[in-house]
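This report refers to the structure that appears directly beneath it.
Chain naming follows the written order as A, B and C, and within any one chain the residues start at number 1.
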Amino acid sequence: MNRLRIDLFISAPGLLLLAVGFLVPAAVILVLGVRDADGAWTSVHLVRFLTDSFYLGIAWRTVKLSLLITAICVVAGTPLAYIMARGGPRLRLWLIVCITLPLMTSVVVRTFGWMVVLGRGGLVPDALKMLGLVNRNYTLMHTETAIVAGMVQVLFPFMVLSILGVVQRIDSRLEEAARVMGCSFLQSLRLVVLPLAVPGIVAGSLLVFTLSASYFITPNLLGGSRLPVLASSIYETATKTLDWQFAGAQSIILLIGVLMLLIVQAKLTRPAHG
Amino acid sequence: MVEAARGSIRVGTAIYLVAILLFVLGPLVVVAGVSFTAGEYVAFPPQGLSLRWYEAIFSSSVYVSAALTSLKLAVIVTISATVIGAGSAIALHRGRLPATPALSALFLSPLVLPSIIFALGLLTLWSSLVGRTSFFALWLGHTVIAVPYVIRTALAVLSTSDKFLEEAARTMGAGPWKAIFHVVIPQALPGIAAGAFFAFNISFDEAIVSLFLRSPEITTLPIQIYTQLEFSPDPSIAAVSTLMIGLTILLIFVIDRVLGIQKVAG
Amino acid sequence: MTAVHLDNVTKSFGGVQVIKGVSLSIKQGEFVSLLGPSGCGKTTLLRMIAGLEEATSGSIHIGGTDSTRLPPEQRDIAMVFQSYALLPHLTVLENVMFPLRMRKLGERAEQRERAEAVLELVQLSHLAQRRPRQLSGGQQQRVAVARAIVSSPKVLLLDEPLSNLDARLRESMQEELIQLHRQTGLTTVFVTHDQEEALSLSDRVVLLNAGVIEQEGLPDELYVAPRSRFAASFMGSTNLLEVELEPSGAGARALLPAGQSLLLGGEVRKRGKATVMVRQEDVRLAPASAGAAATATLVTRIFLGSRTRYVLDLDGHMIRCLAPADQLFDLGEKVSVLVQPDRIRVLAD
């Protein structure tokens, strides 16, 4: 019991911080979402969200973009994870550093970079102009493309590392056996590695989807106020229109969505440790 | 395995890797490139090379004071997040707390749950309970975000440690507190140290909570950049950003030295 | 003087009782082995003496003091863990000094001297400044032992310390442990599942089975006179035969199913159905002769180098015999089976 008391003592500051700095503030906002101006319980804000086509459109955009981001991460990330798993430790380390770097830089720095690349007169529009596809005022800023690009850059390592973990545990002798039995390299990837990598892909997808639904600054800066996703809509509602209750209602919906995904993810990873 | 593949596959792989790196690192490289421009505008490739924009930011009192604020904040956040996070990680690792798995998930939740929700809430609570936001409010918000990073790396190291060491220390006469100091903390130290560097990086770069809790008196460097972005970006932003990227790269290498990136990323 | 006294100690984990009432007294300076198969509770018992597990009921006295509710750091003990548990961030010398520091025994300089002396005892003085990860398994094990004896504890506890070593290293470590025990005179409790190890090292052997003491006594008592089936089969390769006991002159005979019999020693009083045991090395073979009381057919021959093991069919019972290498019989051959009457033991159950 003495040892339990010590454990409680050393974790108390963390628990306190968590409660005061995270749980209580979150609860405050969530509760606002189900209260009206007089403080009584109401579902009017939630109903408003679920019946207004504008806001449903926001929810749809959030889901649509998150799906797209996740899909791109899967397609682009799976081969990279394989290369990192089978490549040497040095290559693996350098690649981990490279893909994790954007995640570790400040979001404003990243966004600025994308602005230069995608904005008017930026690299990509200039290249497209040279190919004769667009005129000189073309910008990719404040488009869904920009949002997807910015988010993929950041969330990519989550997908890759998740798949990497799984592929590293696949015995490379299985692939050798497939080759010896007549498969080409690509066939062995498709028939042996890919099926076995699925758990990592699924886990990574859930994580990336959850995170992309939760981010707000990147979509806000790169997509602009005319292309809100749920998280940035919450920001707008709270700071521009000052409708805190409605912001709270949107927060509830976002949180429910995220929690459902996390529960699915938890259920999927539990049996492996059984 | 790749060695046994056709040459065309190898070429394809190389192209693929380059493409990925271009996409992932491109924007950052571009920022660095813009920072060295001799011209007036943000443009890539830069028009001429010069260090004028670096000179500009070092002589700009706005940027310098924002940088110092960020630095001060980051140091304090790092210290508090490290101490709080280490204690929590040790307690979680020993598994004696009630509902430890749920508690672990809870402690790590700021990493996955939408930060907008708690950031908004923090602003609401603070303005209604205290009034104007202050350095302390920023510290609180930053530390909440930083602590999970410390816990994650410390737990990762502790989970691979020898669980008999603590018992051995007790059979050698070390009471519960002494056992923590002489055995558990030294064991967890690489994880705690790596977590500390993560915390510093997180705090220095932090823009979300800082956005909500900002006030005219306290501006952090990222927020300074943010406001500049909203108005008229000039290459000075690029210079500041490049320095920040440099700092991050430095911290990544330090973390790798202390712990090894593999253990953290895996 | 009793160094350790366990009085009707029990231990339950959740609803499962692992130690079901163990009472044991260990004298000062004794080397006692706790022996038994996996899951018998020997390690749990050791950990209870250490204080790493709390007894559910009963009492534990160490050096005369009631230590039942005391945590390990307040008991005058030292323990060698199966995985050695050396502190990786300290040098070998600092590891050995650690108990002295924690228990505040003497000044820094004195602690250093004591630690160096003990390192000398285990012949590792030249490695004093190394870190544990730079040592081989055998060296780590010696550091663990040195660290345990440096504080001259009332009782030294060893949890299967030799099981991670290869056979040859284990043998030499066993000899070293015997030496150390003689030199230090420390009361020692040694947990092992290897009955040969227990027999060779101990002053006394305590055989545990499913949480109770099956039998305890001097090593050769347990070997020569096991009282139960379990004890008999655990303590070395033995033959167990189901027989019918009937009187024969002043003593008794063990009647085998097909009518053959073996003469037993004179003190056997039991009659009727019984189990008898004969050690493999006590089964003597000779070329078949007409007057022999027992004849068996050779089924398998296993060449072991210095000896040969034979599997024989004796009246339907398969028995094993360890014979000297120069005795060679052929498969299918009929041989006489000769056993000294006093080498056949009747088991209690």
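The criterion applied here is as follows: a contact is a pair of C-beta atoms (placed from the backbone, for glycine too) under 8 Å apart; a residue touches a chain by one contact, two chains touch by 3 or more.
These numbers come from a predicted model, not from an experiment.
Ranking all chains by how far their C-alpha centres lie from the centre of chain B, first place goes to C.
Summarising the inter-chain contacts, the pair of chains with the most C-beta pairs in contact is A-B.
Chain C has its Cα centroid 59 Å from the Cα centroid of chain A. Distance from the chain A centre to the chain B centre is 17 Å, each centre being the mean of its Cα atoms.
Chain B and chain C have Cα centroids lying 56 Å from one another. Each of the following residues of chain A touches two or more other chains: 2. Touching of two or more other chains is recorded for residues 71 of chain C. Shown for chain B are the residues that touch two or more other chains, namely 176.
On the chain C side of its complex with chain B, the touching residues are 50-52, 71-73, 77-79, 81, 83, 85, 87-89, 98-99, 102-103, 147, 151, 157.
Every residue of chain B that touches chain C in the complex is listed here, in rising order: 162, 164-165, 167-176, 178, 182-183, 186-187, 189. Per the touch definition, chain B reaches chain A in the complex via residues 1-2, 4-6, 9, 13, 16-17, 20-21, 23-28, 30-31, 34, 42-44, 83-85, 87-88, 90-92, 94, 96-97, 105-107, 109-110, 112-122, 124-125, 140-141, 143-144, 147, 151, 176-177, 180, 201, 204-208, 211, 222, 225-226, 229, 233, 237-238, 241, 244-245, 248-249, 251-252, 256, 261-262, 265-266.
Only residues 2-4, 6-8, 10-11, 13-15, 17-18, 20-22, 24-30, 32, 76, 79-80, 83, 86-87, 92-93, 95-102, 104-117, 121-123, 149, 152-153, 156-157, 161, 164-165, 172, 175-176, 179, 185-186, 188, 207, 210-211, 213-217, 221, 231, 234-235, 238, 244, 247, 251, 254-255, 258, 262, 266 of chain A touch chain B when the two sit together in their complex.
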